[in-house]
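What follows is a set of structures for review.
Look for subunit A in each of the two complexes below; its partner is subunit B in the first and subunit C in the second.
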Partner chain A sequence: MADWDSKSFRPSRRRRSSGSTRELLVKQAKPSPQLQALILDNGAYTIKVGYSKDEEPRLIPNCIMKAKSERKRLFVGKQIEECRDCSGLYFLLPCERGYITRWEVQKPVWDHVFSKNVCPIEDNPVILTQPLFNFKSIQDCIDEIFFEEYEVTNLFRCVPTDLAYLNYIRERNFNKRHACVIVDSGYSFTHIIPYINGSKFVRAIRRLNVGGKLLTNHLKDIISYRQYNVMEETYVINQVKEDTCYVSEDVKKELLEAAKPLSRNSIVRNYVLPDFNGIRRGFILDPNKTESEDSYQILRLNNERFIVPEILFHPSDIGMKSMGIAEAVVKSIMSCPIEQRESLSKSIILIGGNCKFPGFKERMYAELRSLLPDKWHVNVFQPDDAATYSWKGGNALLKSQDFRNNVVTKKDYDELGSMIIQERFNNFMFDYRELQTQSKPDRDQEKFKYLSKLKSGSIFGKSDVAISIENTKDQIKVDAEGENSNSGQSEKDELSVEDTGQDVGIVKRSVGRPGKTKEVVEVVQKDIKVPEEEEENLCESIDLFPFGTNSYL
Partner chain B sequence: MTTEIQSLDQKPVFKSTKWFLSRQSNKKRNWKSLKQIISSEKSLPWNENIVHYSNINAPPSFKPPEKFSDLSGLVAPYTDPQSRLRYANKEEYTTIIDLPMDITAGYLALRGATSIVG
Partner chain C sequence: MTITKGAQRGSTRLKENEKLRVIDDVQRKRRQRKVMEMLESDNYHDDPHADLVMSKKVPKFEDNLEQRTNRNKKRERTVDYYQFKYRKNFQQLVDEDRLESEMKQRPSYMDIQCEESQLPARHFCAVCGFLGQYNCLSCGTRYCSIRCMETHVDTRCLKWAA
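Here is the complex of A and B:
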């Protein structure tokens, strides 16, 4: 990495200085074989880490574990493989609902990840993922740790779905403006993010607070009520969930099937729990083999297998006041600009480890198909490597010009301060402009404006207001009464007719006298037929003139 | 001697040469919990057009929730008015009426039906 030049990341500065360096820029834009980075997808459950040249990332649990068998030792990340007895594992998790809050846990895990035998940073630039709308205090802390403790030369933070989007358009050779919806269902939550013109459409982003953690905990709860007390066996039950649960296409029908006696029941499975003696990981007992060894501890799973993932589609089943994942996708699509909705429904991408349930994609398709208009094409795409799909997009990001423009060097961090560099990270693929085009003033507001304009012209409550309605088209007759007629030396009045294209014009006339000026406001109505008669004819408006206009004349 | 003074002059005055970053700070910092972070974010004066963490929650569903038996998970057409547990058939009912209070409360908490009104 000796030829790595941190300056080459910021060609935009050079562009400003002179135009002659453009050839140089094009040269730099080409992916050079040396360009390498450390990509760290910091999931709340597993960290996906690896160099950009690697085919597959390493999966490292993002937690510190305590085992009952070895009380003195803490197992950080992958070290859990060295633990003999994983029963009653106690987890220390760095994230609360997906956001890093326990730094005293996160730091040792990162230390483990960047240690010599896993993935040392060495001068590589780091691409790090963070949850959407990460809080300022957390971002400050991440920057501080990476620049000051690990002393990285270049850092880039982004949302994992950005990487997934880049991976998707690279895989399919789509252009950068391709519209799609990314459903990222992870450990802590599920995000639905539409991408329009290559950036997130902020208005339509939705979040469901249902993730893998909630499902595991629910399975743990119902097993504890129905069979064994497994409240302390999160690790094992998570494996049970991964091995046995699936998403059913028709819940009612499968429930009837599940109610059948064991002999005719196709859903029930006997799961052999691990005893950490001979069996390290549990497995499903083959239903065809009836005889089993006596030493096996069997967990019988029936309707739990599909009722638990069903929470994703109906969170109201466990009392959560939230709509299901499919409904939320439809809601999100319908919040997008009307001309984009159809193309969004054509590419819906499911990523994240929580999408790995068998039948998930089929169920999503079936629900979306029934909720979206039948003229639209609905395409649901789920990559085989749903959990690591985002990580693989890191490579695509590295080759893009956006990365060079937005990466933050250590020097930038020292000089610019956190606000500026965080803006750079957070504005990446983030379109605020869409918000402004959406908010148009409606007709009611315009009407109100017109009214206030009239009021400011002091029509009501002033004695010197004279209103005259002229029936002749071309002649404007000025009705000047009272003081105006009394004044002996009134100057030539200058009339300024504010004709704004409407048939009511406000005529302001200043009556000049030495030492005293007066404003006479007249509302002149022309007798021109215009199509928008009802709206413009203010003299007939009941709101303005409750007793008719005659009293003012 | 003169060159030294010149080089010193070029440095910005606000940067102390003696200052250094202490890497190892033994001071135990108290981190805010997520609840504190969210509540402090909520109290900020947000423009109503701005999208942030607290307003991207998926809204409630229009569909009524399905009713499943608390004991077995099967479709439950019946509800025990006393304990408010749902059950699928008479065998389940016979077990429900014998359940102690703490177990029924646990079952209700499991499906989030702990509120008195609901």
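Here is the complex of A and C:
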């Protein structure tokens, strides 16, 4: 069997001891061939849940919310739809940095998810996702909740990207040895996980501590500094982010465009904030409609639309030292065995909520193309349903022999103890031999200097390179070659990240529902008239400055 | 040109000497940490129901399990049961993970964090978001123009430097 289930899922020293019990289990578990299961992808912000027969999962907020307007109740998960006024919502989230630490929140949300009217477990086996290296005591608690309180008959846990991988190879009819890199960018963080021979290649896994939560909070901060105090409106601003933000192809060009006066600026948008009276969800005001209703409260978004998602690519924009998402993918690929690297760069899969930013995939391609060796093929695949792609892989898992071999029954739980059953989960699609054979992580890591591919001395690094027009492969290649010649001087000095020193939430002015918030007049500079030709010049000499405030608002 | 309220206060010039105070590295790092904490926070404001006991309000959900004959009613736990039994803060969890990872000879949670970027940092004006070429002498914040600098000095610059 050229299958990963034929390989060791546990460290070899374990194998002998658990071998006999394992056979026993297989006999006891024996789920029927037409097995149904309840699949729960437990995202830190959104739960994706449904039965394996369902085509689409249900999306349920993984949180409890408190509204200012209703003191008598809490809104658990989907119940928020019953909340009349969602301004100033207070969030109780079960996860900290993606890991469950608040059980008094997670448990009621799960109770809600498994309730009669949503998705009752009944006698279905449960497939549950957990973050990579989920902490032991968290797993203990999950086991207790599911086996003892929910009394599930069969439970299986794995990392969401495992499910995405299974979905990907099933969809494309690839065999289980197909190598790929999965980039999962979610609410709490972004993981980069290469799969080689059907297992996670552990040494090359990277985590970037940037996710959707950080982006929303950053958008909240800059809007609060520049326009209204929206620090308490996480719920609304998250929607603003979803409705207006995108990833630009070339930040410098985009800034040029954003600096143009309103009449000629194709980026600026007026966003109608919800008032929870007539308008429950905000929306972008049609730019062709000149007159808007007086009652609208307008939020104006300009460079914020693309500067916010930039943090994914350059965390240093907000003072983080970490590499960005594309750089990390390159680093991950280069940490894999040399003979696998090219095939990995041919299958780069993007999943998770942040993929929904328009332009995300194109930018990823462009950056990876310019950072990886020119001779290699680079393919970036992003499913339309990037946020639910892992959930859909649950079905593929259910049909595999691996599921049958590794599922844990209630009886196993009672008899084998937490160590053994958790190892079965944690070792799934995990190849320990790789770690044992190459204890020195950097042994065969090729000295690949992507820095030399960058034009040095520019503010924007690689984006500064004049990629004149379309992002065609050829053009980028030409650029990349051009850059190679003038490499050399590294930017070491620039590397130490500047303290942006922006302090937080200074603007503690009048606070309230979006409909009532006051404008922060002191900060925003309005109506600064600049003669037309001067504007033109400023735009021409963007490297010089200062076109900022002049054209802002 | 509309003069902003900030400029009208006119105090900017008078306080100039005071404002040339330079924030040292330690304070700048502290500021940066505060920013990162804010970016990681769940809420900016206080719990509007802080005075109410939460466990009393968590709704009960019908769970369809009652039909199961051997269902042990005693197993239904209170809201606080798990929290009480499994409560660990994030740092404890990370520390435990490090020990476990050493035992199993796998990388730990901390190990898989991305390395520092090799790409040059880019600089945006903290006030308007466009390119910011200049550093504030006091606190190091980036700005793009005199106008943005003045706004910065009047608002975020030293206000929160303890």
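Please note the rule applied: the second predicted complex is superposed on the first by the 404 of 553 C-alpha atoms of A that agree within 3 Å, B and C clash if a C-alpha of one lies under 4 Å from a C-alpha of the other, contacts with A are read in each partner's own complex, and residues count from 1 in each chain.
Note that in this section a residue touches a chain if its C-beta (ideal position, glycine included) is under 8 Å from a C-beta of that chain, and two chains touch if they have at least 3 such contacts.
What you are looking at is a predicted structure, and each value in this text was computed from that prediction instead of being measured.
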Practice item. Applying the touch criterion given at the start, work out whether A:D317 contacts subunit B, subunit C, both or neither, answering first, second, both or neither. Key: both
Check your understanding: If you stack the two complexes on chain A, which partner ends up touching A:T101: first (subunit B), second (subunit C), both, or neither?
Key -> both
Check your understanding: Just subunit B (first), just subunit C (second), both, or neither: which does A:R71 touch?
Key -> second
Review point. Is A:I298 in contact with subunit B, with subunit C, with both, or with neither (first, second, both, neither)?
Key: neither
**Study point:** Contacts of A:M334 with subunit B and subunit C, given as first, second, both or neither
**Key:** neither
Check your understanding: Between subunit B and subunit C, which makes contact with more of the residues in subunit A?
Key -> C
Exercise for review: Identify the partner contact of A:M419: answer first if only subunit B is touched, second if only subunit C is, both if each is, neither if none is.
Suggested key: neither
Review point. So, A:I284: does it touch subunit B (first), subunit C (second), both, or neither?
Key: neither
Review point. Looking at the overlay, what does A:R206 touch: subunit B (first), subunit C (second), both, or neither?
Key: both
Exercise for review: Look at A:A258 in the shared chain and tell me whether it touches subunit B only, subunit C only, both, or neither; answer first, second, both or neither.
Suggested key: both
Study note, to complete from the structure: The intersection of the subunit A residues contacting subunit B with those contacting subunit C is 96-97, 99, 101-104, 132-133, 135, 137-138, 148-149, 202-203, 205-209, 218, 221-222, 225-226, 251, 255, 258-259, 302-304, 307, 314-324, 327-328, 331, 435, 439
Practice item. Would you pull the subunit C residues touching subunit A in the complex into a rising list? Key: 1-2, 4-6, 23, 25, 28-29, 31-32, 34-45, 47-49, 52, 54-55, 57-65, 68, 71-72, 75-77, 79-80, 82-83, 85-90, 93-94, 96-97, 100-101, 104-109, 112-133, 135-136, 139-142, 144-148, 151, 154-156, 159-160
Review point. Which residues of subunit B touch subunit A in the complex?
Key: 21, 23, 29, 31-34, 37, 41, 49, 51-53, 56-66, 68, 71-75, 88, 106-107, 110-114, 118
Exercise for review: Write out the stretch or stretches of subunit A touching subunit B in their complex.
Suggested key: 96-97, 99, 101-104, 132-133, 135, 137-138, 148-149, 192, 202-203, 205-209, 218, 221-222, 225-226, 251-252, 255-256, 258-259, 302-304, 307, 314-324, 327-328, 331, 435, 439
